[in-house]
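Comments concern the structure below.
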Amino acid sequence: MALLYTNPGLDEETSEKIITILQNRLSNEQEAALVLKHAHWNLVGPNFIAVHEMLDPEVDSVLNQADETAERISQLGGSPMGRADDVVANRNWDKFELTGRKSVEEYLKALIAYYEQFIAADREAIKQLDELDVISSNIIQDHVQDLEKFLWFMRAHLA
Amino acid sequence: MALLYTNPGLDEETSEKIITILQNRLSNEQEAALVLKHAHWNLVGPNFIAVHEMLDPEVDSVLNQADETAERISQLGGSPMGRADDVVANRNWDKFELTGRKSVEEYLKALIAYYEQFIAADREAIKQLDELDVISSNIIQDHVQDLEKFLWFMRAHLA
Amino acid sequence: MALLYTNPGLDEETSEKIITILQNRLSNEQEAALVLKHAHWNLVGPNFIAVHEMLDPEVDSVLNQADETAERISQLGGSPMGRADDVVANRNWDKFELTGRKSVEEYLKALIAYYEQFIAADREAIKQLDELDVISSNIIQDHVQDLEKFLWFMRAHLA
Amino acid sequence: MALLYTNPGLDEETSEKIITILQNRLSNEQEAALVLKHAHWNLVGPNFIAVHEMLDPEVDSVLNQADETAERISQLGGSPMGRADDVVANRNWDKFELTGRKSVEEYLKALIAYYEQFIAADREAIKQLDELDVISSNIIQDHVQDLEKFLWFMRAHLA
Amino acid sequence: MALLYTNPGLDEETSEKIITILQNRLSNEQEAALVLKHAHWNLVGPNFIAVHEMLDPEVDSVLNQADETAERISQLGGSPMGRADDVVANRNWDKFELTGRKSVEEYLKALIAYYEQFIAADREAIKQLDELDVISSNIIQDHVQDLEKFLWFMRAHLA
Amino acid sequence: MALLYTNPGLDEETSEKIITILQNRLSNEQEAALVLKHAHWNLVGPNFIAVHEMLDPEVDSVLNQADETAERISQLGGSPMGRADDVVANRNWDKFELTGRKSVEEYLKALIAYYEQFIAADREAIKQLDELDVISSNIIQDHVQDLEKFLWFMRAHLA
Amino acid sequence: MALLYTNPGLDEETSEKIITILQNRLSNEQEAALVLKHAHWNLVGPNFIAVHEMLDPEVDSVLNQADETAERISQLGGSPMGRADDVVANRNWDKFELTGRKSVEEYLKALIAYYEQFIAADREAIKQLDELDVISSNIIQDHVQDLEKFLWFMRAHLA
Amino acid sequence: MALLYTNPGLDEETSEKIITILQNRLSNEQEAALVLKHAHWNLVGPNFIAVHEMLDPEVDSVLNQADETAERISQLGGSPMGRADDVVANRNWDKFELTGRKSVEEYLKALIAYYEQFIAADREAIKQLDELDVISSNIIQDHVQDLEKFLWFMRAHLA
Amino acid sequence: MALLYTNPGLDEETSEKIITILQNRLSNEQEAALVLKHAHWNLVGPNFIAVHEMLDPEVDSVLNQADETAERISQLGGSPMGRADDVVANRNWDKFELTGRKSVEEYLKALIAYYEQFIAADREAIKQLDELDVISSNIIQDHVQDLEKFLWFMRAHLA
Amino acid sequence: MALLYTNPGLDEETSEKIITILQNRLSNEQEAALVLKHAHWNLVGPNFIAVHEMLDPEVDSVLNQADETAERISQLGGSPMGRADDVVANRNWDKFELTGRKSVEEYLKALIAYYEQFIAADREAIKQLDELDVISSNIIQDHVQDLEKFLWFMRAHLA
Amino acid sequence: MALLYTNPGLDEETSEKIITILQNRLSNEQEAALVLKHAHWNLVGPNFIAVHEMLDPEVDSVLNQADETAERISQLGGSPMGRADDVVANRNWDKFELTGRKSVEEYLKALIAYYEQFIAADREAIKQLDELDVISSNIIQDHVQDLEKFLWFMRAHLA
Amino acid sequence: MALLYTNPGLDEETSEKIITILQNRLSNEQEAALVLKHAHWNLVGPNFIAVHEMLDPEVDSVLNQADETAERISQLGGSPMGRADDVVANRNWDKFELTGRKSVEEYLKALIAYYEQFIAADREAIKQLDELDVISSNIIQDHVQDLEKFLWFMRAHLA
């Protein structure tokens, strides 16, 4: 990885480690936006409109998270990879398999499973970033606070 | 393809043809949003800030186009496929190959090439949809009007 | 029908044909606003608040459609008939029969049936208007695009 | 009339009396919105644009009045009847007869006559509601305050 | 009760009677805001998001009611008591007993029972205030109009 | 007094009585706006800015009150008198005598005395209007609710 | 006249001269607001609503002018006199005599005559202020620019 | 005509034909904005303010139309000509001859005559563009929908 | 304590410890909102309006803090207790004793004392949460930043 | 030139002189709006988007200047000439000759030359108006302040 | 001083004189913003919050003044000096000496003294600029109008 | 350093250490705002407008940072020093030396050098504050996140 520059107080090796962690989070965040929209369009059943509308602000949230993560990579001198193929290539978590017009409950269950892996990976990233760069860690911490709120929304529906 | 229902005035066979056309357009629109953000994060050079900011409203445009197209598929009784893997699987146009921190000009050239294929495919879809469903055709016509305006913005930079 | 004036490029006979088609659509749009409000006030059950609130933006949509249709009649030199009695007199589709405090599902079923006839009539009008006046046809095409989106919302609830 | 429930402090018989009064007011308010739009589309003459625009905020007012009245009926356990046929069936005041493209003055005269009956019926309802339910009476009192302001606007034009 | 001053047209004895009535209403209104938030945080089940969001505007309503009631007490020369202990001490209605993560239906039932007592007490206060001070009575009348609308929302869910 | 017309349900004699009462209130409301601005410009001392800014929303309130009162007179067929000379001629309360750059406290004391007479007269008007026209009475009741809130603000400063 | 202080670069004698000029303008501006509202409430006839609404923004303008003029007097150490009696006492121009429900044309003629004197006095003040204080002169110049625009509106109606 | 580039799916010859049609429409739209402002400043008479204000939103409309038309020419690789001399040179319709302070009616008559030619030319352009480029045709269709609404406004004044 | 579920990366025992800490903070935050409003209504004296208005944004702040804290408890699988009785039962700090119409200074002193305990308890909670869950700790850290700003506002008044 | 009326304090001869000066400025301002749009549509090159967007607020500025100037002519009793032919006929400065798709730099150079003449003529008009009417002079002074700011923007690009 | 260019109608020598005057005003305006913030942070006492908040809009005012003054220098071809050292170097007025947490009164007294010198210098600049460039003079005149209003606010507190 | 008070949980010695660190950061933040504006006014060249406008939001950011830092000092009982002389006296980093009308590139290079020192000092402060007060550390961490984003914007221009 050839960096364009480094930030004050961060050497090249540290910067590369941070970028590797953030690139993985970026792909997860970009995919989450696609997966949430996929559910938004396909779910059906008695609570359709309420859950359909509940998903859109969360799409905006994860799109903003991806933007923040990718721009942090650029600030550190790296080059964020943000194409569909990059999302697929970087995926080291379970693919979202549910497709077709299915009930609200089925989509919420699949999304909850997706979010549990997503949050676990973000929490792992925070641990590693704490040793490397507090600013990058803060960014992912803010993301987790939002993701866990949305996880509650989904779990409360199925409780 | 098993449809959940059909719309007044459209039989099942016609609906399936429309859905096939729209699904291909959906994947193209979803990928365009990813590709534009990818460029937004990676471009550098003397015109950085102006072009960086010029891309964001167009990201919103193609995200809205994808939403409109996918919801049209659902209205016709179909099931839109909106995951990263679906984008990759449905791609029958050239992959966006440019990566890394590159000049504004290089990214604009690559995006122009991408948009020329994108618009050509949309115009082909309009011709086919005109025979099948005027409402679906209108939707893609509105998309092309927007895409051609943005193509002009990019071409004017390189002229 | 004595027209006050005609529009550039439209003779009196053509104008009268357009007006006859549009007057029928106007009554249908005006009645849709009343019927949606009637349901909005009377439905009950576990999804009450979500469906109650889903109906209001659609009421605004069909009120705007009626305004556009009636003003188009006036632009063509005609005189739109917009009273309750005109709605009843012009009705050549099934009356909305459901009354009383009933479940969300019952009202959605009745509204879906109403919308299927409504959209079918609009699509028939578009075919006729395409031969007579592209501007009037465009207006009804835009209406159908909106109505079919709302039909999807209702169908997705019952799926 | 079988009520779904009654409100704290109101027995079933009282509730039914209130509902009967409010249902009649609801039909009048719904018809007023239709009649005002009918005039809005059909009037012509030197003051066209000013009067055309003066009617629209009043349409919003009577639509809101109808919403408030109908929701009050539902709060009391009743079932509001809000279709075009209900408006016609409940009419115990003079039908609005003026149609066709006519002068601003003719439409204002016809609307003033309509409003005089409308307000007189509202004031009669207030007297009866004062004995039955102060909350329902307050609602109609607020409606009259608005209607009498609009009556002044119309009268001032013809003075 | 030592009043700081009295209002034009109200003697000290009358003012004290009004204040006593309003202080009781204040505690009820403040508690309603706490109870609604308590439900907002604890309810679960298929209609979670729609009902969760339906409660927040009503929290704002009863907070505004408490503000209006307390400021009316101050305007009359009295001293409103607004602490948690005052709410508990002034409670002459049933305590809200439901706790824990429970279904939407259980919380709505408990809130309906709470609101029935709340409204009955407000209506009793209106009767007494009508004899003492029309301005204070109007304030509580406006509160009841809002409370009865929200009661309908809750009842419609369980119907 | 020659009325231009009367309102539904109000005979000419009653209308004239209402108008006489409202005209007196109109002059008081118009003068209050002038007196509050006069204080706004002239007061000085340690609490200058807070009290200076506290007066402006109340100026807007009494200007709106005057507008409502005068338009009510016109609605009843009367002719509101709204010039400076009419204010002086109709004054049957104490003139506001304080002038010159004086302390916040002096101006608040003078304004409190003015408001006590103002409110007392409004409350007297409400009693008389209750017998004549409930709509007119409601208008003045709303004014008193606002005036008594502002009186509290001023009294709290001097307590 | 005992000034509270003087401004940098202005001696006491000059300040007193400016204040005398501005006090006269203040009374004229305050009266204009009352006179415009008086007309706003009393005019009738075919152009009622358009002219009724045309007057309100001008009322706001002259109220803002009075505020600016009075605050300028305070800035110069003087004490603005802003009560109804001060308006009457300071009037050295013709009283506005028109009262009663009269036609739009009659009120516009009377207002035009009032404005011609008002503007002439403002222009005279500008000449005197140019010798004394450019800031005070600028303030009145801005007022005249607005007043002459409104004078055109009124004249164009009668042309 | 040397084009800078062509759009996907349009050859150079077709593009030049479209551009020729659009350039003529551009000059007409730019002139309409000037003519409407010319009338806005010069008309007088009893309906002055209402008609004066009715013209401004239409000025914005035709300015936006010109912007859309000119940018379409640039998108097609052409070069829009937008100076005053280009408007005069391209005019193949009747010049707007009315000048001086004239009555509302005279200006409306002259504008109606101008609009009838304007719309007829737009409708002719739509027919030709339908064969060449559906996107360009759609743009002019939207313009006609707006122009015919404004034509109705003007005709309704004179009816 | 039986948890409904746990969050990714947090076992049941840790979750229960976090919930116990947050429940205590929730009651403190809910009480702070009540106590601030209590002061808002009861304080009097020369700085009344400025301090009265200074308290309202802080009420909104602590209400939002309570919402955030309670929703965090629910995200962790717990059940927040939010009734007046829960506030009283959980109070392990000094009760707010000041009542009656008292001077601004007295209320500010009492509120400062309350806030010093409030902040000290929040800072203690942060220390404990740092070991258990960084997200929960971040939430309380943000609360302290806001509380200490408001404490400065109050102290600056008494300095 | 036959004036419809004159303004207080301005005789007919003076008014005519002012109008002659302002009419020339009006044509210049109207043409500037056309020329700026012409450049907005035709410029190309690496700074395309930034300069393209920089021109639009200035178009709004000069359109507002033209409106102010033309309405001033009407206020003075004159008749503003605002058609494309009037712009061409009144031009006593150099025509804007640059056409075709050209670089940002070429268009900026041509616009700078145009603005230098434009500002010089405005400054000359100010000198003449200072002797005739301070209000008219103020209007053009404000225009020059804006034009010189925009001239700086253009010059800074080429420096 | 080597100018980059000169403005139409201003030779190099005149431009340099104007720039020298404006540079001195720029430093004064920039320092005023720093001094007001310094007071905003340090003042204490019973009127703390009202005066603390009164200062912030004035900070915005003087920051905008500095922007306008500096941009005027650039428009004239000069180079504005805007660093902290430039402020100190250009100061030919008394330094602001008050530091530490002090009472509202002490800070207001020090700010009044500062503003008296500030305004006196601005008024002197206006006199010189009137001979050189009316546009530059207008800019400083507008600044003085604002500064003298704020001086009144401060003086009224201490009166 | 004599503190006015200390915060709950912070002794006087610790508070003084925090204040010393924050005072240095305050001067740096205040100077950054001045330096950015200095560049904003002086830069020239082909990218002028885009970079000129890119600087303004960052000026707002560092002004807000200074406000937050200074208010934190006051919250801790200290006295922030915010005058131009304090900025100069506290500077232990390199002075910004570039002056005069220079190219965008030259100013960006100088600003990048300034920001590298600025961020390095902030990161050093975070390390020290982490031991003393987590709230103060959080404040500076948020500042660095913003500063590093802006540093990226500037570096991307020169890459």
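In order of appearance the chains are A, B, C, D, E, F, G, H, I, J, K and L, and numbering begins at 1 in each one.
Criterion: a residue touches a chain if its C-beta (ideal position, glycine included) is under 8 Å from a C-beta of that chain, and two chains touch if they have at least 3 such contacts.
This one's a predicted model, so the numbers in the text were calculated from it and none came from an experiment.
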Between I-L and E-I, which chain pair shares more contacting C-beta pairs? E-I
Assuming a repeat means more than half of the contact pairs shared by residue number, which candidate in F-I, I-L or E-I repeats G-H? F-I
What's the distance between the Cα centroids of subunit F and subunit K, rounded to whole Å? 43
Compute the distance, rounded to whole Å, between the mean C-alpha positions of subunit B and subunit I. 49
Just curious, how far off is subunit K from subunit C if you go by their C-alpha centres, in Å? 63
The distance between the C-alpha centres of subunit B and subunit G, rounded to whole Å, is 60
At least two partner chains per residue is the criterion; list those residues in subunit J. 4, 44, 46-47, 50, 71, 74, 101, 156, 159
Which of the residues in subunit C come into contact with subunit B in the complex? 116-117, 119-120, 123, 126, 141, 144-145, 148-149, 151-152, 155-156, 159
Spell out the part of subunit C that touches subunit A in their complex, as residue ranges. 46-47, 50-51, 54, 104-105, 153, 156-157, 159
Enumerate the contact residues on subunit J facing subunit B in the complex. 43-50, 52, 101
Going by the contact rule set out above, which residues of subunit H touch subunit B in the complex? 4-5, 7-9, 71, 74-75, 134-135, 138-139
Please output the residues of subunit E touching subunit I within their complex, sorted ascending. 4, 30-31, 34-35, 37-38, 41-42, 44, 66-67, 70-71, 73-74, 79-85, 87-88, 95-96, 99-101
